[in-house]
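Below: a set of structures, written as structure tokens.
Two complexes follow with chain A in common, the first pairing it with chain B and the second with chain C.
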Partner chain A sequence: MYAQTFQRPRSFYGQFDRKPGDHLTTHYCPGCGHGNIHKIVAEAIDDFGAQDRTVFVSPVGCSVFAYYYFDVGNLQVAHGRAPAVATAVKRALPDSLVISYQGDGDLAAIGGNEILHAANRGEDITVIFVNNAIYGMTGGQMAPTSLIGMKTTTTPMGRVVANDGFPVRVAELLSTLEGPTYIERVALYDNKTRAKARKAIRKALQNQIEGRGFSLVEVLSPCPTGWGVTPVDSLKWIEENMLPNFPLGVFKDKSAEREHRTHRRQAIAIQDVPGILGLNGNAGNERSAGILAGGPRTSCPPNVDYRLKIAGFGGQGLLFLGRLLAEAGMRQNLHVSWLPSYGPEMRGGTANCHVNISTTEIGSPLVSAPTVLIAMNKPSLDKFENEVVGGGLIIYDSSLIDHPPARSDVEVIALPATEMADKIGSAKSANMVALGALIGKTNMLDKDALLHVVRSMTKKVALLDLNLRAVESGFEFARANAAEESLWGV
Partner chain B sequence: MTKELIKGNEAVIKAALLAGCKSFYGYPITPASEIAEAAAKYFPLAGGTFLQAESEVASINMVYGAASVGERTMTASSGPGLSLMQEGISYLAGSELPCVIVDIMRGGPGLGNIAPEQSDYHQIVKGGGHGNYHTIVLAPNSCQEMCDLTLLAFEMADRFRNPAIVLADGFIGQMMEPVEFPTKAIEPEPKSWAVRGDAETRKNLITSIYISAEELEQHVLKLEKKYLQANSREEMYELYRTDDADLVVVGYGIVSRILKAAVDQAREQGIRVGLFRPITLWPFPYRELSVLAQWAEQFLVVELSNGQMIEDVRLAIEGERPVRFYSRVGGMVPTTEELLRQIIKASEEKDVRANLSKTQEFLWAV
Partner chain C sequence: MPEGKEKKDRGWTEVHSEECKGCGLCIEACPVCGMHLSDKLNGRGYHFGEYQGHGCTGCGVCFYACPEPGAITVFKN
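Right after this comes the complex of A and B.
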């Protein structure tokens, strides 16, 4: 007659084939707390029927070899980064049980930022934080949780606050955040505390299974080797030395009130993705419709090669002006490119963009020798005037710039764009006046097609009428200007 | 066929979703931020995840997690962010995890500035992380290629079980050009090695640790075999007017565009010059470039760095021909006229070696 009193958890391998050398014993030292914790975790996985759903994430530390032992899906990851890895695993596999199993150096030192933000996001994962106040894997160096005065290989005279700071209390620290659901600190030094640890770890796992959000259990765990004491004395060591620094207890528990904390993606069929991106090219897509597919350029010269620089203050809508030109050019089957000056320049200083519109393929998108310069403020005219190629065109806002360009080898249009726009209703449409003048002067693009682009790209309905009228007035100005010039020419 | 006028940075995201990418983990940085912004807009709508991570360190490790479960995943950043990601890239390569990383290069070192440079070549192409690994590196020179090479990067990453990096500069990321996107999205093949939190994949293990020396040696040799395979089959490049070229200019990314325009202008002046543009920077098209040395008398490398890719060009030419160098850095980008002058100068000083003794400049600048 016998009664079975112990059974190996199914989630724990019976033989450790992944471990080099001896396959029957673990790599942990005698008296190490990891064995206890592994057993509690594996039993819980069994009891919750979650073996096939578990993804165990083990970063660098003594437990980096957790995959020798746990018969579940395993990821070995970089030092301190397990919460980031676990985040992405859980987002991809919302029904899995994701365990981030971390030591004190890993979680509280190098991985401080990753745990802080995973906790703050309330990621629906379970973190087992093994605090033994020392770096075990690397041979007994100071941990962020090492006690004041504690001798380690990197604090040979003991941890000195003035040099090394204080032991980090992770459970307390993370409990100040709104994100976490459940945070408890437990210990492993007698049967009573082991039972409490078991209960806490099971709760932290159950929370995830029920979608209640981020749970973390900090376990004060013996490291006889690192502490230089016997396994038996190491239990006393926890009680006498660690407890005063790391009080046990529940620091946060919102398990009962938090639900549905698992992120679930929208169910979208792959064939619907192009449509979501606006790439289905159906009849509703104006780009493929009628006139805009090719656009009649019958009234325009067959070959064009324009390199434009459009410059002024940030906020004058000059990047937008460039985009309108490029969009209209594209819809008329021309080669186009648009390049902005980017970054802080766009906020308040000068802004400029480079636009190429050509019948032939465009080499450099960078316009270093513009055939056309649109200058909407004085610094822009001063800066770029001399870049314009001989025989090129300068359109400048004569309402804002008091000196005309000095160049005599280029065509110049003094366009009171801001005044004209102001008369129409808003000085903000000065960019559209300039656009109209450009087309009126050069005939590089079909005007009606351009107006269509203005219609489709002006987002504010209130501005649309204004913009269209501004383009028209610029266009008329340039045509009248040209007529006047030819009159003088005669 | 629909064309869309779109920023290079946005084209990347549309292409990624068409490649069946399910998640984007990133951290903002100029001039790459539009990639994250477009991802934030489109990934949730398309049934994926967008998450702004707490740092580039976290984002690359989130990518590690997503890649581990077998989904297509990506991140994007610029030089300083890529520096932070190097640890994670080494782990991804070591654990044989496919992913796509986009680097929109800016000026460095340190904080540098946000203007375009090509000074990440060494850290990206030569591998800035620890250990024996390579990453696949694709260098687009237009918005269309931001789309096409992103699609290809996902395919190659999966095929080689290795990170693939799309290496572009601030100009390519920020500029807008017409792009033709595919009208069908791809459902990627499931990955039998992934850990998917199910019975079928329970025994799978994603790891880069091989504690026994014998095992690690075998693992590194296995990786090396993969890299050799890529090296013999996957090189991509563009040749432009090189058939009769006495002078071959070499440049990638935005520089290749400016060079192309300069080549055309030089040809109009009767200079026999052609352009060689590497499209894969790793594997670098050594053989194809070395073939040109049979007839081209000299080479001129132009980079927005103080000379990084030129090392690979010199390896390819193996001292058979002089390799000249011209560069702008700090965000300065050469004009077509500037490069034309360099081409003219090179063509007028053909006999570089004969001049070697005359001036010390050649010891450094040639």
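Right after this comes the complex of A and C.
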């Protein structure tokens, strides 16, 4: 009796839905090595019984469509970023079998940095690196792995060392790092090398199943189209041109010594977080309760649509002010966004953030026409004053800004925030004074709920009391200001 | 399926002609010269690979030489 022994792996979809009219073949060119490698990988997934926990990360390159073929979990990611995404998947789902599948343009050019660090961290992933010495998908441009003298569309006269450097030997390069467990270079030019490639890829996957860390198999793979030769001649091309530059072999193998790596990466239990952040003790309990508790917007108007720009010096805590607002809004079930914008300086430069707080969904986090401007230094007021919509609100720190805004069509609060904060105990809490004044004036968020958020987000326990008092004083200032205004009818 | 075929060989290879792109790698790979390109064209315009009907040992090298997921199935006796 004849029995099927070599057949289409089950880890491929029974039908490919990529294009109408052809549900059986891949999109690869005749003779392309991607197909052989796909087959080896799919067969290994079958044999290891791992189909239901495999996550295949497709790159940018000719293999961008691999997700149409592999009947496993699939992600298609930005050019060169497969190792980063694979890292995330593996850490979030330690039991998954994560395959980062990449070409040489993807891995060695634009993604050179990503692979270096994933390898160095010894991420418990399997990388299949398809080295065909060219950018296949985009029409045959030079890759870092292109050979000296090789004609490509971007090296029409041949690759020249003086201009283009040397072919990058990825397997050798990465094997100098401590992190990786197993690195081998294989090829696909005859039956023997194909068998070796199969063995190496299976080992690289098996390593991950056993939690042994980072494995990478570099495959010298034919690209007849990119090289301008027939599929049969492309085999010879590998042997004659690629082998002298890219010797085959095992460059690193610590598979036997490496223990299960995923067990070492213990995630932090959520109940331990307050302790780690030093939020224990009585105040801590209240604070951690605050982390979870959302306050109702009991006393607030039902519909809000605030677009805020909060600007000043770096170091004034204005990005933090914005985060507190967004966090408080979020806990009150509003739509929020927070977008920071700052220069390279940690202190003294300018910083601003854009905050949206709305009952309806937010289209863009960018605030170009604010309904509220909080300006905490002169340059910020000068720069953003004219962006505020008519009828909007400007709160400015009158301790630091010597002239009021020129606008007459907006409401203005001259808030001596820095002086007030200084009186309470530290000028650094001027941001909290401004926060209090904003709420006191607009009633956009429930004050008690906001104080909850201040409690849970103030990192330094010593500053908490000061911050709370600063919010209160800003709040009272705005209320008194409003009462005075209504008294005088302005 | 090679049902009803003479079962004297150790193996049997089937090429699903519509899945073949005519690259010729199976022909290059087969150690017993069991494959050739057909004179006929398939629906996609390729001269497809074809098993000549005798000599197969069921070794499977053509399966691994072929880049297409399901174009070749190899049977063993």
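In the analysis below, the second predicted complex is superposed on the first by the 254 of 490 C-alpha atoms of A that agree within 3 Å, B and C clash if a C-alpha of one lies under 4 Å from a C-alpha of the other, contacts with A are read in each partner's own complex, and residues count from 1 in each chain.
Throughout what follows, a residue touches a chain if its C-beta (ideal position, glycine included) is under 8 Å from a C-beta of that chain, and two chains touch if they have at least 3 such contacts.
Quantities reported herein were computed from a predicted structural model and do not represent experimental measurements.
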item: Partner chain in contact with A:Thr54 - chain B first, chain C second, else both or neither; value: first
item: Chain B versus chain C as contact partner of A:Lys203, first or second or both or neither; value: neither
item: Of chain C and chain B, partner touching more chain A residues; value: B
item: Which of chain B and chain C A:Thr25 touches, first, second, both or neither; value: second
item: Partner chain in contact with A:Arg212 - chain B first, chain C second, else both or neither; value: neither
item: Touched partner set for A:Lys441, first chain B, second chain C, both or neither; value: neither
item: Doubly contacted residues of chain A, that is, touched by chain B and again by chain C; value: none
item: Interface residues, chain A side, partner chain C - complex; value: 1-9, 12, 22, 24-26, 28-36, 38-40, 42, 69, 190-191, 194-195, 198, 224, 230-232, 235
item: Footprint of chain B on chain A - complex, ascending; value: 18, 20, 51-55, 57, 64-65, 67, 71-78, 81, 84-89, 91-93, 95-98, 113-114, 116-117, 263, 265-268, 270-271, 273-274, 276-281, 285, 287-288, 323, 326-327, 330, 335-340, 342-344, 362-366, 368-369
item: Interface residues, chain C side, partner chain A - complex; value: 1-2, 5, 7, 11-12, 16, 18-19, 21-25, 28-29, 31, 44, 46, 58, 60-61, 63-77
item: Of all residues in chain B, those that touch chain A in their complex; value: 1-5, 14, 17-18, 20, 22-23, 25, 30-31, 42, 44-49, 51, 53-55, 57-59, 61-66, 68-69, 71, 73, 87-88, 91, 95, 114-115, 170-171, 174-178, 181-187, 195-199, 201-209, 211-212, 215, 254, 257-258, 260-262, 264, 333, 335-338
